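Letters A, B, C, D and E mark the chains in the order given here, with residues in each chain numbered from 1 onward.
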Amino acid sequence: MASLEGVTQHLPAIIVAVPLLAALAVTALWWFSNKLCYPLSVGAGLIALAASAGLFQQVLSYGVVEYRLGGWPPPWGIVFRVDHLNSLILVAVALVSFLNLAGSRVAAEKEFQEKVGAFYALYLLFTTGLFGILITGDAFNLYVLLEIASLTGYALIGIGSGRASLSGLNYVFMGTIGATLYLFGVGCLYVITGSLNMVDIGAILPNLWPSKVIVLAFLLCLGGLFVKMALFPLHGWLPNAYTYSPSVVSSLVAPLTTKVMIYAMVRVTLTIFTFDFAFNKISLQVPLVWLAVLAIIVGSLMALSQQRLKKMLAFIVVAEVGYMVGGFWLGNRAGMSGAVLHIINDALMTLCVFMAAGALSFRTGDDRLTSLKGMFRKMPLTMGAMVLGGLSLIGVPPTCGFFSKWYLISGGIEAGHYGFVAALIISSLVNIVLFFRCFEIAYFEPFSGSAGHQSGPMEPDDRSSTVVEAPADMLITLLTAAVLLIVLGIFSGQIVTRVIHQVIPALTG
Amino acid sequence: MKRLGLIAIMVFGGLLFSISFELPDLGDARSPASTHVSPYYIEQAIHDTSVPNVVTAILADYRGYDTLFETAVIFSAGLACFFLLRITDRKAPKARFYRHLATGLTLRVEKGGRLPEDTKEFERIDSAWVPSDVIINMTCRLVVPFIQLFALYVIAHGHHSPGGGFQGGVIFGAAIILYAISNNLRRTLRRTSERTSALLGSGGVIIYLGTGLLCILLGAGFLNYSSLSLVPGLDPVSARSYGILIVEIGVGIAVTAVMVWIYYNLASAGKLDEGL
Amino acid sequence: MIWQLDLIILLMVVICGISAISIRDLLGSAIMFGAYSFMMCLLWSIMGAVDVSFTEASVGAGVSTVFFVAAVFRTTRRTRD
Amino acid sequence: MEAITTLIIAKYNYWAVILLIVIGLYAMIAKKNLVKKIIGMNIFQTAIILFYVSIGAKRGATLPIIVHAHGDAAHAIHAADYINPLPHVLMLTAIVVSVATLGVALALAMKIYFHYGTLEEDEIQKKIMDREPDKVATSGEHL
Amino acid sequence: METIDSIRPLIAILASLLVIPLIMVSRKAPNLREMWTLAGAGLKFLTIVSMLPLVLAGTRIECTLVEVLPGYGLELRVDALGMLFALVSSFLWIVTSVYSIGYMRSLDEHDQTRYFSFFALSLSATVGVAFSANLLTLYLFYEMLTLSTYPLVTHHQDREARSAGRKYLFFILGTSIGMILPAMLYIALKTGTLEFASQGIVKGRISPQATTLLVLLFVFGFAKAAVMPFHAWLPAAMVAPTPVSALLHAVAVVKVGVFSIVRMITGIFGTGWLAELQLSTLVCTLAALTIVISSLIALSQDGLKRRLAFSTIGQLSYIVLGVALLSKSGMVGGMLHIGMHAFGKITLFFCAGAIFVATGVTNVSQMVGIGRRLPLTMSAFFIGALSVIGLPPCGGFISKWHLVIGTVEANQYLMLGVLLVSSLLNAAYFLPIVYRAFFCTPAESMFPGPAAEAPTWCLVPPLLTAGLSIILFIYPQPFLRLARLAIQAISGG
């Protein structure tokens, strides 16, 4: 019945169905045994990764893949529409979530104890939601999957006590406003087009251009997504949410949520509203790039004033969102390619630094910068990964961060938008300060059992502190992520020419 | 900041108001919304799925994928409430209270004392327990079966009248919640334990998802119920109808269980003791 | 659809909504929210959205209110605004 | 006057939607009580649902349940006779989403209450400031 | 010109990279570890030498690695200029490795494994810069060098090292990201290529004003060249262990900076275009200012290594000056000076280290009479100083001779003056050290007692490099021919 050919034909469905099934199975089985959760989840993550890789391959060889759910043709049924853009990001998201999942066993058991099954189930549901957002070709369906990803995200973030719950609830409010605005926007689109299929709407809209409702729909959709992606000044929910959540969670949510939302923005703008409308008919381009510039500057400066590693990283995420939004709204090929490339690069970079931060706080039980003391000696490999991640965020070749920055800056120069160029460079310089401040603490100051205790410079021959690395599974996945940063950097030329340019030129001409 | 927000809201409202004049008139049958996609559903649903209630047909078939994830949303909410609230430490409390059913006397058993668990005359209660009213108690006990029956009807009759898995499921869940409110949580838990509700919750979604996956195994696309006709010798149209029924039942089970599950956690603040 | 009736119910909806957020007692707010949902479901059934109003009646007016009451019962009724 | 009445009849639902959106957002921003905020959030969501239902409304049409379903297949079905069912389907989903969000939000609010002993946002902020401003929320201390 | 594809340049780069795991694995066995270091150094040098005949025959060796950006790949190319630099640095790595072993062991430094690992890494980056075929590749290796030398500069991990490291990063990483990266992107965008071409790639594609700005961005942005005012990191970085100072701050790091500037002038802007725009004077003036000011500062420094550091700043600008003269001899002189100064300066640093190891002395004022205690070391120091000043019979004379002729060729008589004055200043801050070391009354001498030299491992390298400095005076052919070839490629076409 289900031959290999049959399986490859159904890859899009498998990508969402398998994690969902695994989430359900984990919830059910966990009442009987705690031990099955981890292997089951990792297996599902692996299958999703393989399926997305297979799908990517398919798209590369045959072009756009369309999968009709329930056998109904669009616009009546829901379709999955996989092109170069989302198949690429699918692979990245699957990879990031798989790596984080694989490395989460020890930390998750310590963190959630008996509720670990629920954690894995929510984790898988969250990934399912992201996959669904990436793969769908239906504007309303995107909302439903968005809510799956958000709801599980709220729960995962709010699990800690006190401020974690508070920031979780804050996230619920902001997230709901964002999602509901998006829903409102889709409603406006539906009012004037009568369709929910993205491609279909995109085909109808050009005939309706004088209508102000399109502009409203555009503003609502974008506004909603901006809240979700935490673009300045709507970023208020993000830093606390990422800071107070357990590290396993923040290293899942931080790399993925904002990036997938940026994908959604790209998708909504290019497929639904079309390039011509978004860049030629209405003049939002310039204000949005300036908003991105502000986001970059504010994010970087706020990161400077943080005393906690995770909060600092969270503000860097805010700045990175500015990179991508700004790059996209530059509206030229280089800028847009840079934004898309940065989605995958930044997902991996953020994963790497957040996982490293998680591994560090797993051992030190603290995420203040002062707790980094002596960590180059105690956890050299973890710090090595952190260094790579930091360099990538700074934008040092040959890590992948350099290459996306390359495109973004050249996009800025091409568009003559030197403010954006300056913001990118300033943020790189600030990132140098941020990361080397951490590295200095970790490198120059000796390990002191209790964090916060001040002591003099390290004796040259202090070998008392021995190496105590993070648990093996955490370490292996972390190092994999770190190495991938370089691999991705080396192959970024290929990715851009073979994949991203397949999407961008068709739309920008 | 707050004032800024309010101004923003007002501006937003004004913007919406100004654009409301551009929207099609209310109830306009010629608006794009009513003429582009939806006529197909109204005219073809009965032929495609033999389900007269177009809403059900769209919900479970044309846009069945949406509904699958709608169920998953509910399930996530149940799981999320459990994850957030449930307190799993099994520390024995200092003292436990028992009520002698026949006399209504309350017994306080100190830690380490012998607990009359196996005896039928005692029932465990909490310190915050409020005596329940006999009239309410009895009325609810009488009403609950009828509500449940009605819920089943709503689920089963979703093809022909308003209703379906969600509505029926919520009503069924509400019946259980009513029982829990009118009696107490512990007694409800003895009938529908937390584990049962969790298992049913995931089971319901698995029924839905499994149907969809079964369709793949039978050679058609995900959630394409027409392929179910291969099994018992149905024609594709009635196969779709049955497929819709199956997933509606799955939705009903899932929603029931999850509503109850959420209630358990919210009402007892995760302790699963007395409830409201 | 009788627009006069519609308007009256809409008015009720708005009144219930405003009172739900302005009553200085959370239990009262919860109940008013239930009333709001119920009015909403009436409105929708008038507009012909029977399935939606059925769902709103069971979910919005029913279970949601119970959740609110449960939450208020477990926390506090006190509110300062 | 006639024109105004027509206009009102044609648009009043949209205006109600706008009013409810403003009320909901107002409650979310201006109210300090968390439960009030949650209620505001729900009002906001139902406003959008009302918007969708208004889209689906069709004057002179009946419920989207096909009559004479069985045995009378030749009977022609006119789309204009039935209310647009698609927004209804979408809104079933939206309602379910809103109740799911409500559950999670209430659960979080309860957790906050158990930790801070209040639901008022300003009081919570004060308590955070009073306690160690930068205290690390270690994960072991779940409620 | 003949071009062949070969992976030999890649091997030359990877040789030191691949020994790093071996060095790390054998951290428990110091002898084995040091053997790996030497093996890597030897392999690297041999690979580079094996390419020398080809290069001297006028062949270019290319190796394309991977296209990381559309149109811009990581490409390696060995030409005469790169060969000259690679030859110098890879040879001096061998010598320095030997010296490091002696120095680190006799001082019993901590974390020697880390030290040798990053040492190898930075050498990879240096040779990578030498063999880069385009600006992107050069930038990559440039950044790699910055980062791999950071742990070396801050090796002591104390407060002083921390602030030095901070300064180092601030100046070098800050300028490379803040100035080089935008400049590079601008060029890439306007010209569509970053390839080093013999006549430059900028001409006709970028306006004169923009070119001026770009030249300034590159001259200051390659802060490793320490053109004032971006020089402050260099004296600060002297807190590093002496072998690090020796190799990295007399040879690898700073020379990478000037090498990059030379590459920019010859390969990106093109000498013809710069001459047309008359930017020569601008760059020359910057360099001349740096030369004079740094020499004056060097006079006032008491710390031996700091004095050497300021001397380095000045000498680096000689190279910049020479190349910026745009005259044939001037450019030959500048390129030669890369090699000649390297041998001279490394000798001086080795001697400084040997003095520290043997006596613990770091300041010039404490060195009265030290020639009695360390006759061989101070003799080597003397030769090194002569070479740096540019007096026969040392290699430095050859390069300075060409520089002087170059100024005359270019009619830059002011620069000629600067060269002569600064040579006097050089002599003024070096020769007194030597003089006081040897010629003082026994009463003045701070070092009574018989000669007691530093350990052999520390002593042989300076003697070797001092000897080589003299040999280079007699037989400068390899470097001279390479420099001439490089000039030929630029001017001949």
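In this section, a contact is a pair of C-beta atoms (placed from the backbone, for glycine too) under 8 Å apart; a residue touches a chain by one contact, two chains touch by 3 or more.
Since the structure is predicted, the reported quantities are computational estimates derived from the model, not experimental observations.
Student: What are the chains that chain C and chain E both touch?
Tutor: none
Student: Drop chain A from the picture, leave everything else in place, and list the groups of chains that still touch each other.
Tutor: B, C, D | E
Student: Figure out the least number of contact steps between chain B and chain D, where 1 means they touch directly.
Tutor: Graph distance in the chain contact network comes out at 1.
Student: Specify the chain most distant from chain B by Cα centroid.
Tutor: Checked the centroid distances; the maximum from chain B is E.
Student: Give the label of the chain whose average Cα location is farthest from that of chain D.
Tutor: Farthest from chain D by mean C-alpha position: E.
Student: Distance-wise, how many Å sit between the C-alpha centres of chain A and chain C, to the nearest whole number?
Tutor: Whole-Å distance between the two chain centres: 37.
Student: Could you state the distance in Å from the CA-based centre of chain C to that of chain D?
Tutor: 11
Student: Calculate how many whole Å lie between the centre of chain A and the centre of chain B, each centre taken as the average of the chain's C-alpha atoms.
Tutor: 32
Student: What whole-number Å value describes the gap between the mean CA coordinates of chain B and chain C?
Tutor: 19
Student: What are the residue numbers in chain A that touch two or more other chains?
Tutor: Residue numbers touching two or more other chains: 140, 144, 147, 151, 154-155, 158-159, 165, 190-191, 196.
Student: Which chain D residues sit where two or more other chains touch them?
Tutor: Within chain D, the residues that touch at least two other chains are 9, 12-13, 19, 25-26, 30, 54-59, 61, 63-64, 86-90, 92-93, 96-97, 99-101, 103-104, 106-111, 142-143.
Student: Touching two or more other chains, which residues of chain C qualify?
Tutor: 1, 50-51, 55, 59, 63, 67, 70-71, 74
Student: What chain pairs are in touch here?
Tutor: A-B, A-D, A-E, B-C, B-D, C-D
Student: Over in the complex, which chain D residues touch chain C? Could you list them?
Tutor: 9, 12-13, 16, 19-20, 23-24, 26-27, 30-33, 35-36, 39-40, 42-43, 46, 49-50, 53-54, 56-59, 61-64, 83, 87-89, 91-92, 95-96, 98-99, 102-103, 106, 109-110, 113, 118-120
Student: Provide the residue numbers of chain E that touch chain A in the complex, in ascending order.
Tutor: 66-70, 72-74, 109-110, 136, 139-140, 143-144, 147, 151, 154, 156-159, 161-162, 165-166, 169-170, 173-174, 177-178, 181-182, 185-186, 188-189
Student: Within their complex, state which residues of chain A touch chain B.
Tutor: For chain A paired with chain B, touching residues are 1-2, 6, 10, 13, 17, 20-21, 24-25, 27-28, 31, 67-72, 75-78, 113-115, 118-119, 121-122, 125, 128-129, 132, 138, 140-141, 144-145, 147-148, 151-152, 154-156, 158-159, 165, 188, 190-196, 204, 211-213, 216.
Student: Taking the touch rule as given, give the residues of chain B at its contact with chain A in the complex, in rising order.
Tutor: Those in contact with chain A are residues 15-16, 19, 22-24, 31-38, 40-41, 61-66, 69-70, 72-73, 75-77, 79-84, 86, 88, 195, 198-199, 201-203, 205-206, 209, 212-213, 216-226.
Student: Within the complex, which stretch of chain B touches chain D?
Tutor: Per the stated touch rule, the residues are 2, 5-6, 9-10, 12-13, 16-17, 20-21, 23, 25-29, 31, 33-35, 37-39, 41-43, 45-47, 50, 52-55, 58-59, 63, 66-67, 70, 73-74, 76-78, 80-81, 84-85, 87, 160-162, 166, 262, 265-266, 269-270.
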